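Report on one structure; see the data block that follows.
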Amino acid sequence: MPHPRHFTLSFSCPDRVGIVAAVSQFVAGESGWIIEANNHSDQTVNRFFMRLEILAESLGNDLDRFSERFEPIAQAFNLDWQISDSARKKRVVILVSKQEHCLYDLLGRWKSGELDVEIPCVISNHEDFRGLVEWHGIPFHHVPVDRENKDAAYAEVARYFDAAKGDVMVLARYMQVLSPALCARLRNRILNIHHSFLPSFVGARPYHQAFDRGVKLIGATCHYVTDELDQGPIIEQDVIRIDHSDQVSDLVRYGKDIEKAVLARGLRYHLEDRVLVCGNKTVVFR
Amino acid sequence: MPHPRHFTLSFSCPDRVGIVAAVSQFVAGESGWIIEANNHSDQTVNRFFMRLEILAESLGNDLDRFSERFEPIAQAFNLDWQISDSARKKRVVILVSKQEHCLYDLLGRWKSGELDVEIPCVISNHEDFRGLVEWHGIPFHHVPVDRENKDAAYAEVARYFDAAKGDVMVLARYMQVLSPALCARLRNRILNIHHSFLPSFVGARPYHQAFDRGVKLIGATCHYVTDELDQGPIIEQDVIRIDHSDQVSDLVRYGKDIEKAVLARGLRYHLEDRVLVCGNKTVVFR
Amino acid sequence: MPHPRHFTLSFSCPDRVGIVAAVSQFVAGESGWIIEANNHSDQTVNRFFMRLEILAESLGNDLDRFSERFEPIAQAFNLDWQISDSARKKRVVILVSKQEHCLYDLLGRWKSGELDVEIPCVISNHEDFRGLVEWHGIPFHHVPVDRENKDAAYAEVARYFDAAKGDVMVLARYMQVLSPALCARLRNRILNIHHSFLPSFVGARPYHQAFDRGVKLIGATCHYVTDELDQGPIIEQDVIRIDHSDQVSDLVRYGKDIEKAVLARGLRYHLEDRVLVCGNKTVVFR
Amino acid sequence: MPHPRHFTLSFSCPDRVGIVAAVSQFVAGESGWIIEANNHSDQTVNRFFMRLEILAESLGNDLDRFSERFEPIAQAFNLDWQISDSARKKRVVILVSKQEHCLYDLLGRWKSGELDVEIPCVISNHEDFRGLVEWHGIPFHHVPVDRENKDAAYAEVARYFDAAKGDVMVLARYMQVLSPALCARLRNRILNIHHSFLPSFVGARPYHQAFDRGVKLIGATCHYVTDELDQGPIIEQDVIRIDHSDQVSDLVRYGKDIEKAVLARGLRYHLEDRVLVCGNKTVVFR
């Protein structure tokens, strides 16, 4: 059983005495039944992070009224906060190039209901996966990218994203570097899967780099996209063991399994509002 | 780059002095270029296991002649041997029930060329995935199984397998126990993925069993099917960490990722003749 | 830097609205600065678990006064609670037989200050490690155990434990089954390291069992000791990959590394009051 | 049971047809019983690597005669070869600074017989561990290192190593950079444990670097020392999961467990002649 309908309240604020007391007192005063709660104090920057799942039924299923009444607390403690309703599915726009393993994986999770979102469209700089995507009943947009048209191309991507009312953009091995403008506009809303254990092997052909260095494990990293290549806040990582007998093609193959799993986990954390960004790092209330 | 066309010779035999010498001498005499070689001596049962990949071109691409001339060596050392040609794609028949994660995963690998086989058909006791399978251009056979018709149903499965000239049968979360007759006839040719870290949690609802026991890691096991439920030779296993906050539904979700990866690895080892069975155990020349 | 002096309050109680509010309100009212907080609702048994680290200085370093004033809240919510002061080192009594890897590991952690406890004594059914233990300035007690004297031997172990004012007893590969009476008296205070990934391979010679079954990973389990052999609540587990070339002696060797790491982690969780028992399972606020 | 007395022959050479045949024919001609054999073809540099364990008894326990008769084969195929006798314990000189976890770990393995070597001496730039080392009956040499005396200090280290007839030098968290001369003289004979998953976080304070970057796993790397800091051939690596709640001090603590395990594995591979160097990479016949 997945969690029943719930509101997810998450926030960060300057750390001080009394935050949890005030927030939980408020929730209790609203008869809110807390299903799950997590918090974290970052001692380096003296900031407090919290996430609460509250049973919607216990609050009369009324998100607006709850939010309105919560506002004074939020102001008193200077919260940077958001609240979401599990009954409203998030809208995930997927970007892909010519490798389909992450796309297949996401479509499979979506089709089986594990990934409980809307996928309003898939965007690609190639035509290869139109058939697959459309078979799933999902619109497919071909937006070619070449050296000359980058600005226009990313503007078109942004238009499709906006028209689709996208909540999050997923680069499922989309082998293009987005424009700084797009990165800035969708800050902490674009997820990328990089095929190395960052910060090792930034940039192109990381499996070749890993092969050349002779490492004994390879990995993948899901991170938010910023305008610095492969430097954004890391959400999730994992590794797999290799040895001297593995060629680059073996690394690529093993790596795909890690990429799929890491992207899927990172995306789920994001969709469930489990990821709070703190500078260039993340708090992930797994 | 995957390996160029090669012949894969694998065998086991009683251990004694001179086996490697005789075999490698023979291969060298045929001008055979060995790409990869592995061997293992099982001290418990005093048996020797070997696997060789030989460049086909270096042998004039003639498998039959090589095999014929190898026969006297095989007899002299009492080898239980087989040889295969990478140019002939193996034929994989997939059986599935109502969970599609392993099916999606295998189809994705096949579509991208990573899984370089023929899939002559998919067989299911439900109609659910006909559309998906047929979209991939693969025949789909619906063979319902109920308490009364088991014998007839498995006979039909066997007929489809034979008609498809299947080399290997993959139970991709096929939630039915095959007949002993079928297990015996396709000994070491049926792969199952069991959703626990065997030998823990044999049988039904292993994630519920794991949840009840309070383990801190869950796993999956790819094994050959024998007529004893979940007791066949283990080919591959893996685990993932969970904690007290994970419900059974979380275990199921995390488990699926492990199941997919473990089944795919186990199947690849089998297809590349890397798995040699020794009693109820396997030698896997990874 | 380890955490500064703090009080650790942990409890479980029937789940209902308002627990976190009441507790955090109380702590805030005492000006308590919360360093770390975790909680968990077990939906199966409808029970709530919480752990708080509160800066001692913010409470005037007065544990007694805090506890006294907390008592009414504890009663109102029917808490099963405990509080501890990080300034008071816990007293760990180690039992060992003839394998020293866990003993060495614990002594090394203690000597370096990583394991910040008192070790009032080590008890063994053999004399082998007297020199090592005494070199560390720790009393060593030899309590032989044989088939006839078990009751007397365990009574002596208990006397040593009591005389040492022990808080927790660690079976660091102590290859004896304690008496039910001792298990009951020190419920959830005796930690064992079992050399398998439980529930697989209960009882004697688990590495031999693992070898015979042909598993591809082996593991270790740290659990509380109950009067049922290897059935107590699991605190921590881990695994390591093996393959067909590994003999039982290799499994033993690889296993030792996992045993050491798992026991050390489990013990630390226990010492920091991170482990709350729920039936035969544990909540571990890592 | 560990392997019975055996000779370990290992070599690399230009790849061509007939190497395995010639070598195994020779061994068979000497009635040599092969316990374990591994080989690898590096396609990038077209070089062949092989390792054989041969039962000493089957060769009349005569290493010299075997080596002498093998010489013509070695010349014919241009082998870079070595052979060792398991009956002669290797001599391991340990260097340490002010952190004892790796030292404790190695001494524990040595004392229990798992690490079956001679430790002729331990060298340190501090006096801290003299007592521990001498209690084990091992000579301890204090060689202070400061900015002015580096050359003299490393010359003294080299003299102690030579006087001890050392086979291998282990930097067990020896926080000093050896001189290029020493690195060159003991090429592929000095093992270091670096406390990061290389190539990430080269140099000083890697756990701080990892904390600042917000990675979700940390690791350790055992490698041969070259004159470029942390750039030598990697022998073994491993990682452990962390999360946002872990401070640098937690990373250090978790990291120590990985460091100990990785160094112990890497050292064992080296001692059993399982590591063959190929450029800046290693072939590890695990």
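Going in written order, the chains are labelled A, B, C and D, and every chain counts its residues from 1.
Note that in this section a residue touches a chain if its C-beta (ideal position, glycine included) is under 8 Å from a C-beta of that chain, and two chains touch if they have at least 3 such contacts.
These numbers come from a predicted model, not from an experiment.
Engineer: Which chain's C-alpha centroid is most distant from that of chain C?
Structural biologist: Comparing chain centres, B lies farthest from chain C.
Engineer: If I list every residue number at the interface of chain C and chain D, are over half of them used by both copies, so same, or under half, so different?
Structural biologist: Both copies touch with mostly the same residues.
Engineer: Counting in whole Å, what is the centre-to-centre distance of chain A and chain B, each centre being its mean C-alpha position?
Structural biologist: Computed value for the inter-centroid distance: 35 Å.
Engineer: If you look at chain A, which of its residues touch at least two other chains?
Structural biologist: 36, 245, 247, 286
Engineer: Taking the touch rule as given, give the residues of chain A at its contact with chain D in the complex, in rising order.
Structural biologist: Listed in rising order, the residues are 40, 42-43, 197-201, 213-217, 219, 233-239, 243-245, 247, 278, 280-284, 286.
Engineer: In the complex, go through chain B and note every residue touching chain A.
Structural biologist: 1-2, 36, 99-101, 104-105, 107-109, 111-112, 114, 131-132, 135, 245, 247-249, 253, 256-257, 260-261, 264, 286
Engineer: In their shared complex, at which residues does chain C touch chain A?
Structural biologist: For this pair, the touching residues of chain C are 17-18, 20-22, 24-25, 27-29, 31-39, 41, 58, 241.
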